[in-house]
Amino acid sequence: MGEPAETIDGWYCYHDFRSIDWTSWKRVPADERHSILAEFISMVEEWADNENRAEGSYALYSIIGQKADIMFMLLRPTMKELEQIEKAFNKTRLAEYTIPAYSYVSVVELGKYMFRGEGDPLEDPSIRERVFPILPKWEHVCFYPMYKKREGNDNWYSLPAKERGQLMYSHGMIGRKYAGHVKQIITGSTGFDDWEWGVTLFAHDVLQFKKLIYEMRFDEVSARFSEFGPFYIGNVLKKDEIEVYFQV
Amino acid sequence: MGEPAETIDGWYCYHDFRSIDWTSWKRVPADERHSILAEFISMVEEWADNENRAEGSYALYSIIGQKADIMFMLLRPTMKELEQIEKAFNKTRLAEYTIPAYSYVSVVELGKYMFRGEGDPLEDPSIRERVFPILPKWEHVCFYPMYKKREGNDNWYSLPAKERGQLMYSHGMIGRKYAGHVKQIITGSTGFDDWEWGVTLFAHDVLQFKKLIYEMRFDEVSARFSEFGPFYIGNVLKKDEIEVYFQV
Amino acid sequence: MGEPAETIDGWYCYHDFRSIDWTSWKRVPADERHSILAEFISMVEEWADNENRAEGSYALYSIIGQKADIMFMLLRPTMKELEQIEKAFNKTRLAEYTIPAYSYVSVVELGKYMFRGEGDPLEDPSIRERVFPILPKWEHVCFYPMYKKREGNDNWYSLPAKERGQLMYSHGMIGRKYAGHVKQIITGSTGFDDWEWGVTLFAHDVLQFKKLIYEMRFDEVSARFSEFGPFYIGNVLKKDEIEVYFQV
Amino acid sequence: MGEPAETIDGWYCYHDFRSIDWTSWKRVPADERHSILAEFISMVEEWADNENRAEGSYALYSIIGQKADIMFMLLRPTMKELEQIEKAFNKTRLAEYTIPAYSYVSVVELGKYMFRGEGDPLEDPSIRERVFPILPKWEHVCFYPMYKKREGNDNWYSLPAKERGQLMYSHGMIGRKYAGHVKQIITGSTGFDDWEWGVTLFAHDVLQFKKLIYEMRFDEVSARFSEFGPFYIGNVLKKDEIEVYFQV
Amino acid sequence: MGEPAETIDGWYCYHDFRSIDWTSWKRVPADERHSILAEFISMVEEWADNENRAEGSYALYSIIGQKADIMFMLLRPTMKELEQIEKAFNKTRLAEYTIPAYSYVSVVELGKYMFRGEGDPLEDPSIRERVFPILPKWEHVCFYPMYKKREGNDNWYSLPAKERGQLMYSHGMIGRKYAGHVKQIITGSTGFDDWEWGVTLFAHDVLQFKKLIYEMRFDEVSARFSEFGPFYIGNVLKKDEIEVYFQV
C-alpha cells in the first residue's frame, strides 16, 4: 500500500465551456438581444461582487477554435454554490443561445509538503492565498485536465512517496522559472470528474504557455507519467467587451 | 482456470442520468409546468412508498457540470421492475424535457468472503441489509463505473484467488477508515453493462469522496488493476426541492 | 503462418437495437398509434410464420437502460434476406418513431472440432440444430460483441492451433455447466462487422448471465485473450405485450 | 532509416457511405420522389458511361445494418474529379434525404515488387489492369480500412525491407487461394485519410469474405502487425433496382 | 530532466474546417445566395489584402470526403487576431449554412538548431521567411496533427537531446528530397490544442503527399515515436471559383 500525498483543499472550482449558436442568436431582435446581454452582464457583476467580498472568484474568457466560444471559471466555498451558479446560468435567456461544450468540476489543491508550519495550514495566510485565490484577469488562459499514468512500468501510484516527492519538486522548479509570466492554478478532481487534475494557466503573453508546457514535457513527471486531455486556449473577455463580442 | 470469487447478489440497480432541455422547458406555460412536476413528484412519492415497504430503494440527486442535470438510482428485486420504472419515467411528460445522458444497469453485490456463517447468506440479517440496502439521502453522491485490468502483467483475472483476496482485504481496509463519512454501494455489472462494477458513494462532506478515492488509488488494487469510467458528482435533491429546482 | 480453426456456418444473423422517440410517439393520435402498431405486429407475425416453417428464426426483447429500448434479432439463410428485413422495418411507420442505436451483422458459427462425423457436417442433424437454431423466447437476453486480442504476448492468432483448441475446450466446459440455465448462440462476424464474434445469451434467471460471464472471465481465453464490446441486457417482449409496451 | 516499399499508384478512389432519412423521404410526394430518383439514376448512368469509356469505374451497393444504407465507390484519374463527383452528389435532390455516414479517400496501389519488367510499369498491360481496374459488380462487397502497427516489438515500419517482403508474399498467397471467389482492390491512403489502406473485396458468396479474412488473421502480417477499422458489408444495388430500393 | 529543444515561433495559425449544409443552402433564394457569397468573398479579399501587406497569410481549400467541405487557414501576428477572424466568419451569413467540422490552433515553429547565426533569429531574413511564411496557393493541401509518443520504451521526451537532434536531422533529410514538390509548414500546438504539432503540406501533384508521408513512416522518428491524428486532403479553392463551388 503506497502512501498518498496529502493535500490542502480550498475553494471548489467549476469550469464551463459553451459554444454560441450564432444562427439562432442572429434571429433575435436587437433590443431583445440587448436585454438578454444585460441579464448576463448583471450575472457577471454578481460574480465580481462576490470576488470583491473575497467569497469566491471568477474568470471569463473567449475560446479560440471550434471547441467552444466562451469559458467561465468559478471558485466557491461549497459544491452547492457551484451547482447553483451553473443552474442560474442555465436559466438565463442567454443560455438558450449556447450549446454545452465541456465542463470540469474540481477543487483548488495544494500539496501538503508546501506547508512547513504547524497547526491548521488553512490558517496560514500564504497558504490561504493559494487555495482561496483571486483569479488573475490576464490576457490569456489555457486549461487542460490530466491524470498520472498507471501503465506497466510507468505507474505513478506505485512509486515510493519519496520518489514522487522528488519528481514533483523538480517539476515544480520548471514552473517557478515562469513566475510573473504564467500564473498556475491546480485543481484536484479525483472523484469529481473524469481526469485527476485540472490545470488552469494565465499569461500576458500566450507563447509562455507553449514554452512552459513544452519544457515540462521533457521532465520525467510529464514524460513518463502524465496523460493530457483536451487543451482550451482563450483571450480575456472583459465585462465591458461582452456587448461587442455578442454583436451581430 | 482461475477460481472466480463468489458473490452474494441482492437488489437489481438502475442509475439514470438526464440532462434537462431548459430552452424547451421555459417555453412551457407555468401552470402546465406545475402539473408536469406534480406528475413527476408523485412518481418520486411512489418510489418513497416502495422504500418504506422495504421493497426497494431510491435516490434522487442533481448533478454538477454539463454531463447531466439529475440522476435517479433505483433498487428493485427484479430486472423487470427496473425496466418498468425506466419506461414509466420515459412516458411522463417531464421526460419530454430531458435528454438521456448516461445509464447503468447492475445488481448490488457482496463478496462471499464477507459471509462467515453457514447456510444461505441471504437469510443472515447483516448480509441482507448490505445487499438489500436503503440508500442514504446524504448531501452528496459520487458515481463511477470501473473494471479490473487484463493487460500484460497487470491481469487481475490471472491472479491466484488467494492473492486477489489479500489485495481486496487491504483495499477494503481503506474504505473502512471512512466509515460514517462515506457510505459505499458496490453493484456488479458483468454481463449487464459495459464495465464490471458500479461504485456509488454517499457523503455529508463532498471532500471525503476525493480523499477516499485518492487514497485508494495508491493501493495496489487500484494502482495496478483498476480502470475507471466517467465520474458523476451530485447534491441531494429532496422531494420538496424539486419545484424550486425546475423553476424558470 | 498459423492454422485457422475451421468453422461450420449456418444462418446469417442480424441484431437491430432501437431507441424509441417517446416525445414524438406521444404526439401521434391514439387510433393512428394503434394502426402503426398493427403494422408492426403483423411484421412480427411474419417473422413467427417464417420460424414455424423453419426458414429462419427471430427474437424480440426490450432493453434496459438508455442504450436502446427494443432489440430484434433475425436469422435467415442469406444476407440478402437480412437486408430486406432491415429495409422493410425502416419503411414501416413505427420506424419513424425509433432511433437507430446499434446493430450487428454476423453468421451462426460452430467450431469444426464440434463435428466428429464424416461428410458434410451440414447434413448431420445435431449440427443442423446448432447452426440453424430456433431462438429461445426465454425471459432475458444478453448480447455483446467481442474479439480475440493480438497484443504483445497476448496474441491469440499467434498461438499454435493445438493450444487454441485446448483453451477453447476448457472455456467451453464452463458454458456447459450452465446448460439448461443459459442458452448460448455464437455468431461469427469477421469481415461482416467491427468485432469478431457476437454472443447472444438467453436465460430464465437474469443473474445466470452475470455468473456465467464472470466465471468465464477468470478462464485464460477471456482473461488473457478476449476484449468485450458494449453489453445489452433485455426482457422478452412477447407479441401480445407490444401494445402495452407502446401505450402512452 | 528503413527502406520504404515503393508503390505503383493508379486511379484515385472515393468511397461514400450514406444513411437514408426514411422519415423525410416518406414525406415527399410520390411523383417528386420519382423525379428525384430519375436525377440520381441519370448520375449513375454517367458513372457507367465513364466506365465504358475506361476513364474510371464505379460500384453501387446497399449496406446491411445501421452503419449506412448505401455505398458508392468511384475511381478516377484525378483527386479533382473525385471532389467534383462528391460535390455533384451533394447537390442532387436525393442527397437532401441522405445523412453522411462514412467516407474514404485513397488511390489504387500495387507493391512495386509485383512488377518484374523494365521501364515504366504503368505501360505494362497486366499492371494497368490492376491499378486502373474495372470494379466487378459481384453480389457482395466488403470494405474496411486498416493500418500497420507501430507498437513496442510489433512495429511493421521498423522491420527490414526483406522481412516485410517475405511476410507480404506469404500473406498474398492466402489471397491467391481465393482467386475467382474474392476480388480484392487495395487502395493506399497514407496522407489522404485516417488509416493507411482501404481494402475493398467483392464476392458472389458473402461467406468467402469471412473465410478469407479469418484465415488471413492467423498470418503474421495480420496477427502481429495489422489493426482494422470499421467493416461494411453490402449487397449489389443494380441501376434497375434503385427505384424498388427507394420505394416507400 | 531532459533538455527541451528550443523553438523559434512566428505567426499564430488557425485552421478551420467546415461542412456545408447543402439542404438549407438550396432553400435560400438565388439572389440572397449571391449576396451571402459576396459577403464571404469580400472577407477572403481582406485576407488577401492582409497577405499583400505581409501582415499575415491565408489559404482556402475544398476538402474531399465527408469530414469537411472547406478549410481556411490563417496566419496572424497575435492570437487575438485569430479569434477575431474566427468570430468574424461566425457572424457572416454564410456561416449559418456551415457546420463546424474541425479546427486547430497553433503557431508557426522552427527548431532553433535551424539558426546558426548570432543575436535574435527573428531578425535573420531566411528565418523570417520561414516563420512568417506566405502560404503557397498550390493545387493540393494535406493537413494532420501529430504528437510524439511517450509509451514504454518509445518515449521521445526521455531521449537525450543529442539523439533527438540526430533523429530529427535524418527525418528532415527526407523532407528535403521533396523540395519544390512539397512545401511544408510545421506549427507547434503544445498548450494550444490537443496534439503537439500541426503539419500542413502543399503540393502540385497530390501523390507527392502519399510518397513523402509513406517514406517518412519508415524513418525512426515516425516509426517509433509519432502518432498521427485525422488527415484532411483538399484541392485549392480560388477566390473566383467560390461562386461556382456554391452554385446549387
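A few remarks follow.
So that you can tell them apart, the chains are marked A, B, C, D and E in the order they are listed, and the count of residues begins at 1 in each.
Heads up, the rule we're going with is that contacts are C-beta pairs under 8 Å (C-beta built on N, C-alpha and C of every residue); 3 or more make two chains touch, one makes a residue touch a chain.
What you are looking at is a predicted structure, and each value in this text was computed from that prediction instead of being measured.
Centroids built from CA atoms put chain D at 46 Å from chain B. Separating the CA-averaged centres of chain A and chain E is a span of 28 Å. Residue positions of chain C touching 2 or more other chains: 151-152. Chain-to-chain contact here is organised cyclically: the chains close a single ring, every chain touching exactly two others. A single ring links the chains, and its order as traced from chain A towards chain E is A, E, D, C, B.
If you check the complex, the residues on chain D that touch chain C are 20, 22-23, 26, 62, 64-67, 69, 140, 142, 144, 151-154, 170, 174, 201, 206-207, 209-210, 212-215, 217-220, 222-224, 230-231, 233, 235, 245, 248. Residues 1-4, 7, 9, 12, 14, 16, 78-80, 82-83, 86-87, 90-91, 95-96, 100-105, 107, 150-152, 155, 157-158, 188-194 of chain E are the ones that touch chain A when the two sit in their complex.
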